[in-house]
């Protein structure tokens, strides 16, 4: 295991110490490093709280900041935070307008967020929940509620954050976020495993010339393991799954996210995007917004995912809204 | 070689096609994809032109944009661009105020930039040159002119871009940039090699538990190869080299860049930063600006570098100036 | 013969004592088709619940449940920790206005507990989880015409039988689910915890 | 006996022809302690130089050099391509006002060429580079009292001897430097190109 760390046990907390030392815009609540919150809450605004396991930077905490999220409960590597930590974050970010819980569809996270929501209710804080379930590979059409949340949650963060920043009420923020959720699809492909520090060895093995289409960001099995193909063919296979269950029409607009899983260079992400852009062009679909880079990683896993949000007139301006977090900045061009 | 690409030969140009499809803020000159220029030149401003081999994204072209660079000549992977390409970029970005050439200290690049400068002179364009030579590991004190340019060039880009944006004349921009150069130091450490697409196999080998301190971003030999140590110890070794040849005093301010070489997760960069921050604190030195992430990569190489710029009253406000490029954004906190 | 708020306080140190005593046994049990954390999380969680309830100046029966649930959630964010926390918090809500703890209140408590767990864990009866023991406990109390101590005797009997019945089931949730058929023949670890919970409640209710 | 601008035009197709003919030989030579690109870059570069000069409507002697240098830089961004481009551009500058090309102008051209290469490549005499042949060419022309064709005969003799002398040197620059002692005994590849350059110039100057 070749990692810059001191001890596997200190991995998450020392990372957090580094983050707090680097970025005065964020701080922690309740004396717990893992209760990560904005230092600049906006009075009267709906709070957006996320959370989940560590090892996915900038997901999840990286999206806490201006016009985006307000807090994040930070779990161990690939582990849920506790409901108590979620509750502390909730209490800290609540500005009287209620709190939206927005996280990925994983059992541990669900139990703890649900629990935290009940605890918050006892403290008279209203919560709503939207769970990202964008990973097309993780279940079939009709069983979307079983799908994992992966990189596409970025679009949900952006829509929710913008809606809240416009001071919409909780139910509206939840409705809009849920619409973004329903219109987001992601397909991923992994080329190599990663190592959880406390485990110390790779989570799975994969042949020197193989790729796994649809693998999850914790190494969950995908749809098929095949020989690695030329980039354009890989994109064609991935996009075929997305096109199969969406109804993009000529003239429609989408937002695209090409996400690196960790070790894959940015150069390659642009090669993938080139093909996605050509496929959209062929269909008369405009890529109104695109982002490329590392958004939801699995530490040093090699691979990439493609997320597409089908925009509409309500979502587009929200996606366009500028954002400023320590890890992600969006400025109008 | 597990990479998303179509053919090794098309790697650079398809990457560039992806970039131009994604980012309307940049375009190419002279009908050559590799002559990368801003789409929004500022009349009367000194132009800043960089260039160098591909495979280091976001270096070099990623820093072309508002308040930073104006153009970049793009070479093959780890290869210099041609003087002709540099010339075309120069002609395109010149706004009558002359052009600063700002690139890393490598023979191929020097020959071609010098050549381009002479060709530009024939076309009545004045050029000045500053070469990044921040890599402490690549030569001893007293022989700094032999040192390679690595991630620290980011600080030079920022200082030069800000100075030019303030409409200072060419000689002033060059003077300021050269001062930033003289005050920047970088130490790197590599954990794994990378693969040049057209070569198809790793550039060097390194043991499962080894690190190479001081290795260059193309795999040039470093200072020593040792067993991988705990992160704090690695930082202590790296920073000792930087402290040994600088004179930071209590009350001084620095900018710090923790750069990932490609495969190293952001989590680990924050663990490294934590220790750098502690060491600076112990010396009474304030980290006025810090950036963490991938700035100068070697594709999928694992490893990291630490760059420090010793600020002064002139450089600090320039480093603080907001920047907006497709690959890098800096907003005042 | 219903218990007062003063008397129900005694549940919490008794649970803490029991789970401390069962720590190694539960580790071993969870280790067979799980990750061996159950003994650790239950002993830690119920010790925290005991302390939280002990720290309350004055508290209703429901108030004690609320404090215990919150403490469990905080101290043990594992699957069973979160499920047990949920159970207590649902008990709190269901009994918010209860002034005593007799057989009807016990039935209400266990039913709310079981429903909370089912909802939180999205588990069905027969999935080989703690729910397969909690539900029969609630049902026994709902059906009972006896005063609390005797009603709890009946609940314990039902719980033990229900736990025995989990041996024939195949785990559908959590880490044990990965073992599938290998889980057959073993009692469910979470169900074992439920039996202990109701046994301790019975013992305390029988105290003179 | 000095050449006119009309006559010096003939250098460029002659160089292109020679490097096309030597393509494989230069590939093989560079392959011994380099990356085998020299034959490719020189043939491509001088073909481009030929085309650039041919495209000029009317051009001074220096103007031809400028066009050739620019074309070389564009077509061959390798080490030798860039160095040769530099040489021609330096020749252009040094002869900007020259109306003819006789022995003094040839001396000026090769001196400027050698100095440009030395400066661009930061090479010293003895480093086993093209400079070790360019400098003796310039020196021979500077020392010569003969008319151009005969002076170039003397320069070719000096160049051949100088190339022979590079065999005893150890490469300090470029890819060959990595081979160090293994480069001893071989003539420098870039120096071989310089000999061809001056041989072609001599041949053209001897034309009736």
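Going by the order they are written in, the chains are A, B, C and D; count residues from 1 in each one.
Keep this in mind: contacts are C-beta pairs under 8 Å (C-beta built on N, C-alpha and C of every residue); 3 or more make two chains touch, one makes a residue touch a chain.
Only a predicted model underlies this, so the values are computations on that prediction, with no experimental measurement involved.
Would you pick out the chains that touch subunit A and also touch subunit B?
none
Distance from the CA centroid of subunit C to that of subunit D, rounded to the nearest Å?
About 92 Å separates the centre of subunit C from that of subunit D.
So what's the Cα centroid distance for subunit A and subunit D, whole Å?
The separation of the two C-alpha centroids amounts to 60 Å.
List the centre-to-centre spacing of subunit A and subunit C in whole Å, with centres computed as mean CA coordinates.
Here subunit A and subunit C have centroids separated by 35 Å.
Multi-chain contacts in subunit B: which residues touch at least two other chains?
Residues: none.
Could you list each pair of chains that touch one another?
Contacting pairs: A-B, A-C, B-D.
Given the complex with subunit B, which residues does subunit D contribute to the contact?
The touching residues are 66, 70, 73-74, 77, 79, 82-83, 85-86, 89, 120-122, 173.
Quick check: in the complex, which residue numbers of subunit B touch subunit A?
Going through subunit B, the ones touching subunit A are 2-7, 11, 14-19, 21-22, 24-25, 54-55, 57-58, 191-192, 208-209, 211, 228, 230-232, 234, 262-274, 277, 290, 292, 294, 297, 299-300, 302, 304, 324, 329-331, 333.
Quick one: which bits of subunit B touch subunit D in the complex? Just the residue numbers, please.
So the residues of subunit B touching subunit D come out as 80-85, 87, 107-108, 111-112, 114-115, 118-119, 122.
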